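Chain IDs A, B and C follow the sequence of writing; residue 1 opens each chain.
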Amino acid sequence: MSASSPGEQLHAFAERLYPICRSITGNGVRRTLRIIGERIPLSINEVPSGSEAFDWEVPLEWNIEDAWIEAPDGNRLAELGRHNLHIVSYSEPIRATVDLAALRHHLHTLPAKPDLIPYRTSYYRRQWGFCLSHRDAEALEPGKYHVVVESSLAPGSLTYGECFVPGRSTQEVVLFTHVCHPSLANDNTSGMTIATELAAWLASEPRRFGYRIVFAPGTIGSLCWLRNNEHGLKRIRHGLVIGLLGDPQPLTYKQSRRGNRDVDRIVPFVLRNLDASSRVIPFEPYGYDERQLCSPGFDLPVGRLTRAVNDGYPEYHTSADDLSLVTPGKLEESLEALKQIVTALEDDVRYINMCPKGEPQLGKRGLYGSMGGSSPADAQRAMLWVLSQSDGHTSLVDISAKADLPLASIKQAATQLEAAGLLKQQEDPAPPANEQ
Amino acid sequence: MSASSPGEQLHAFAERLYPICRSITGNGVRRTLRIIGERIPLSINEVPSGSEAFDWEVPLEWNIEDAWIEAPDGNRLAELGRHNLHIVSYSEPIRATVDLAALRHHLHTLPAKPDLIPYRTSYYRRQWGFCLSHRDAEALEPGKYHVVVESSLAPGSLTYGECFVPGRSTQEVVLFTHVCHPSLANDNTSGMTIATELAAWLASEPRRFGYRIVFAPGTIGSLCWLRNNEHGLKRIRHGLVIGLLGDPQPLTYKQSRRGNRDVDRIVPFVLRNLDASSRVIPFEPYGYDERQLCSPGFDLPVGRLTRAVNDGYPEYHTSADDLSLVTPGKLEESLEALKQIVTALEDDVRYINMCPKGEPQLGKRGLYGSMGGSSPADAQRAMLWVLSQSDGHTSLVDISAKADLPLASIKQAATQLEAAGLLKQQEDPAPPANEQ
Amino acid sequence: MSASSPGEQLHAFAERLYPICRSITGNGVRRTLRIIGERIPLSINEVPSGSEAFDWEVPLEWNIEDAWIEAPDGNRLAELGRHNLHIVSYSEPIRATVDLAALRHHLHTLPAKPDLIPYRTSYYRRQWGFCLSHRDAEALEPGKYHVVVESSLAPGSLTYGECFVPGRSTQEVVLFTHVCHPSLANDNTSGMTIATELAAWLASEPRRFGYRIVFAPGTIGSLCWLRNNEHGLKRIRHGLVIGLLGDPQPLTYKQSRRGNRDVDRIVPFVLRNLDASSRVIPFEPYGYDERQLCSPGFDLPVGRLTRAVNDGYPEYHTSADDLSLVTPGKLEESLEALKQIVTALEDDVRYINMCPKGEPQLGKRGLYGSMGGSSPADAQRAMLWVLSQSDGHTSLVDISAKADLPLASIKQAATQLEAAGLLKQQEDPAPPANEQ
């Protein structure tokens, strides 16, 4: 793969996002969105601290300048400058001298992975803490430790970004990725990177649907977005939460809450054709922002695409989730899969056969070979399938799956038949009402 | 297992019931119900001979004092006093001398199981007969045999017993066991024993449903019960025919006629979690009193729980179905399974999430850990599942099955969420109308 | 198998049909229908050239007297008299001398099967051509070739035949077989032979449904039939396209377009019981006249029965599809299967249990053994099944499948129960409306 390969370019973008110290609020998110905004047009939304979002409230804004522990021997440990994971996210400011026993109450380690730094947060209970490798923590000598957290917790705002690519229809596809994790490469600089490049590609040609790509902090961020967009949710025809897209595991689709939405039909169809090792897993109410988008009061037709799942790889939420875990090849594969998913969403059109009594005579329209006796070519089979199934209910994706012929062939057959006046496209149905 | 173990106590109770010579009417049933009535409050119902029960009529009451065959050498064979199975149930009284050829027309044996006495009845055609081992029958010498059946067939009544344990709801669970078989231990002193002890346990604490435990003779007994209770059948929310619960085979659930009732969902759920070797078999119109309860005119939501099925074990309807086939361990396991089934029926409640837009913030209510970054404990997963699925249609049993978390954890999560005002219990739906 | 076995008789009939040079129009079809008409009453329909049939038009009538190629050495090749397949069907008349290079544009061979003559047609584009073995074509020497096609293309008509066997009901079963292929034994002298004999058998006793057996040229023939019968299509309760019934492959049922019609339930039921190796394949819009009958504007409840499928055997559409491929045994088996299918269609009746509360007392009606204790015989089980399931919705075929008892036993039980006044037959439902 040359330095300018699409995968390398994705990886280079991820490298710019990785070092930033993000949290659910603060300048890390703003800096991240600024970089994304260099590539795609992004509207930035600020939601003030104290704003209500359903059962939640936007917390104080957190920013951090520096943090470290000074050991009795004068050496500095767990310095923010060495790794963003060293500080528990949302740690309150402190400057104190404590003995080792007291310090240990504020230290977080992974005894089972003694060389890795864990990722910890405390957004909604005020405290401070440091994360470090278990090996380093075990080696601490008794004595006085000086701890410094130069952070601020103050009224401010939560920031999220949104890129809207309009389409011919008023119906929309929403793509959600979380932007609140600090230096974790797969979770989720990979998702932010892919979402950015996908948005650029989406804007590169006319689309059937509008596409709304949202870059928001997890949980409270998606709740703010839902609150701000509650009246527009009825426009959402399909949605995907995306993230964790650079690791070596196969592509994994998590179904929407109901499990029987159009997106639950179309994404597995694409993945199945793309990669036999891809997986489809049922909905569960834990994970990323599908927790909010699929909560019973919204119950949106939103699935999730990742490679590994949350807590499903050894490097998850540790310092080992770094830029070496995320490879150009996997990033490129993930982007390609998403482009094919978008193509299938766009091509999932329903037609009506305008000549439904018997087969139309394709031969007289130059669409069928004149010599009989041998079996028809795939292009002709594709036309027979489209004619047979186009009853206004069965979509091109359905036909492709039934016929076991590529969606592109089915699409081309439909285009030829429509040009010959034998098919008429059905209007898009109204978006599904929330039946709760 | 100590002498006072629950299983031993069950076996001891079965030992009291086993020797009684029962039939579909008569003093054997009354004596049986008297013993059961020592343990639980039992209302006794007498239905006079000649009473109509749908297409049937209660026959004359049959009682028997003694019966035997006196061989030419003066020895007595097939004496009632040696085994109740020796006499064909409902044999008419006779006192006669016949030669061997004539006698053979009245003898019943099992050539394939030459040492065992078969169980035979002739409730609706007047005749007399003896059952004996094929080996004994083959050894009979030519000569004159004196046969004596000291029985009576006279107007009287059919007897059944019923124990009702009231609940908070007007809806009921009906439990049916047959009491008409003489000395057959698995079929059905085991069922009578378990039903008795289950009734005692049901009465030991408040219940959601009323429980109606019916001890009745097979076929004509359940038809009489149905006739007497026809107007109350609409109160039946679930039902189970139980019997054959002491043999070594795994627990076996037979589906209701429709196969898709709540009981068909809940009992297999419990058995699956209890014993991987348990079985679910489809409905067939042969077996025990589900034949009547599930006939198309009633079509009740009633399944059946046994271990072996009718005609499904070598000792079935022979003298080998004795107290050694039925073990304390299996009796205890069966009772425990039924208690868990009752618990699941009671806990199969539907809730509505009162805070359905996004997840409620569990942390501020002390229901969720404050430290983020590691995965939630099972108790917290259970809460997320209950919140996600509580749409008024999905019950706790459904959620437990979907989440693959124990019903007890799901129940506890629901209790905590309800206490926090986040859930409201749905009213019980009206009992299913008979859609025939 | 003796010379007069049913299978031999079928084969002898096929031998009469095989040598005729058929096409979609012309005297070959007429001669074929005349032979069939010797065995069964057949109405002959002539549809004039130029008649419209939906999107199609009946072409000029084609007849052929002779055709050959005379090689430079004076030898004749590809003579019609040697094999009907030598001439491309619908070849226009020609008499010309051409060199080898020019001739080759008109030759059709099978390089992968160098000894076989292919079958080729050109109904809708005017041209001429010869088919010969690849080996013969390769051996041609350079030089002048004299080609002669003594054919005619002139206004005339398309011919199809129809045999109608009336039934008690106004509802009909339609059976379709194609008559347009020249000397191909399996495809389709086998289908014509079986359809003829089945029609004779159908007429041999009173039937519930009317049966309409159609012998028509493929595609344009079925379109003409559909046009002529469009207003009667609502009478069609079931249908089958039949053909390719003499080869060694197992019986193969192809589902109707919807895949969930009564015929899709009943035919697989019969085949399953008849032959474990039989196959059920999903609908696809390629094949025989199901292409037209199941087009979305008609969408008839019509499946297809063959052994091999189109293009599913090495001899397909070649000179190797001759009378040795088709065996008396397989012809007889196919006919027997169709008789059993007809029986099942006829017996797929729904009853209502007139005594639905509890089991009726079968014993007092002499329908159940009087001695209890042993398990019931199959005949009694069949009665219990019929009583249990006869709710007006479940048919005898459904009951046979559920009970795993032979349809004949279930039918007999229903007959006995109906005679006893315990069952009443349901009216046939109205034929399914075309829901398009």
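Keep this in mind: contacts are C-beta pairs under 8 Å (C-beta built on N, C-alpha and C of every residue); 3 or more make two chains touch, one makes a residue touch a chain.
As the structure is a computational prediction, the values presented were derived from the model and not from experiment.
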item: Self-contact between copies chain A and chain B, residue sets same or different by half; value: different
item: Rigid-body rotation angle, chain C and chain B, from Cα fit (steps of 5°); value: 120
item: Rounded Å distance between chain B and chain C, as computed from the means of their C-alpha atoms; value: 54
item: Inter-chain centre distance, chain A versus chain B - centres from mean C-alpha coordinates, in Å; value: 54
item: Multi-chain contact sites of chain C, meaning residues that touch two or more partners; value: none
item: Residue numbers on chain B that touch chain C, as the complex places them; value: 53-56, 88-89, 108, 118-125, 127, 219, 222-223, 226, 257, 282, 284-286, 291-292, 294-298, 310-311, 317, 436
item: Residues of chain B defined as touching chain A within the complex; value: 353, 355-361, 363-364, 370-376, 381, 384-385, 387-391, 402-403
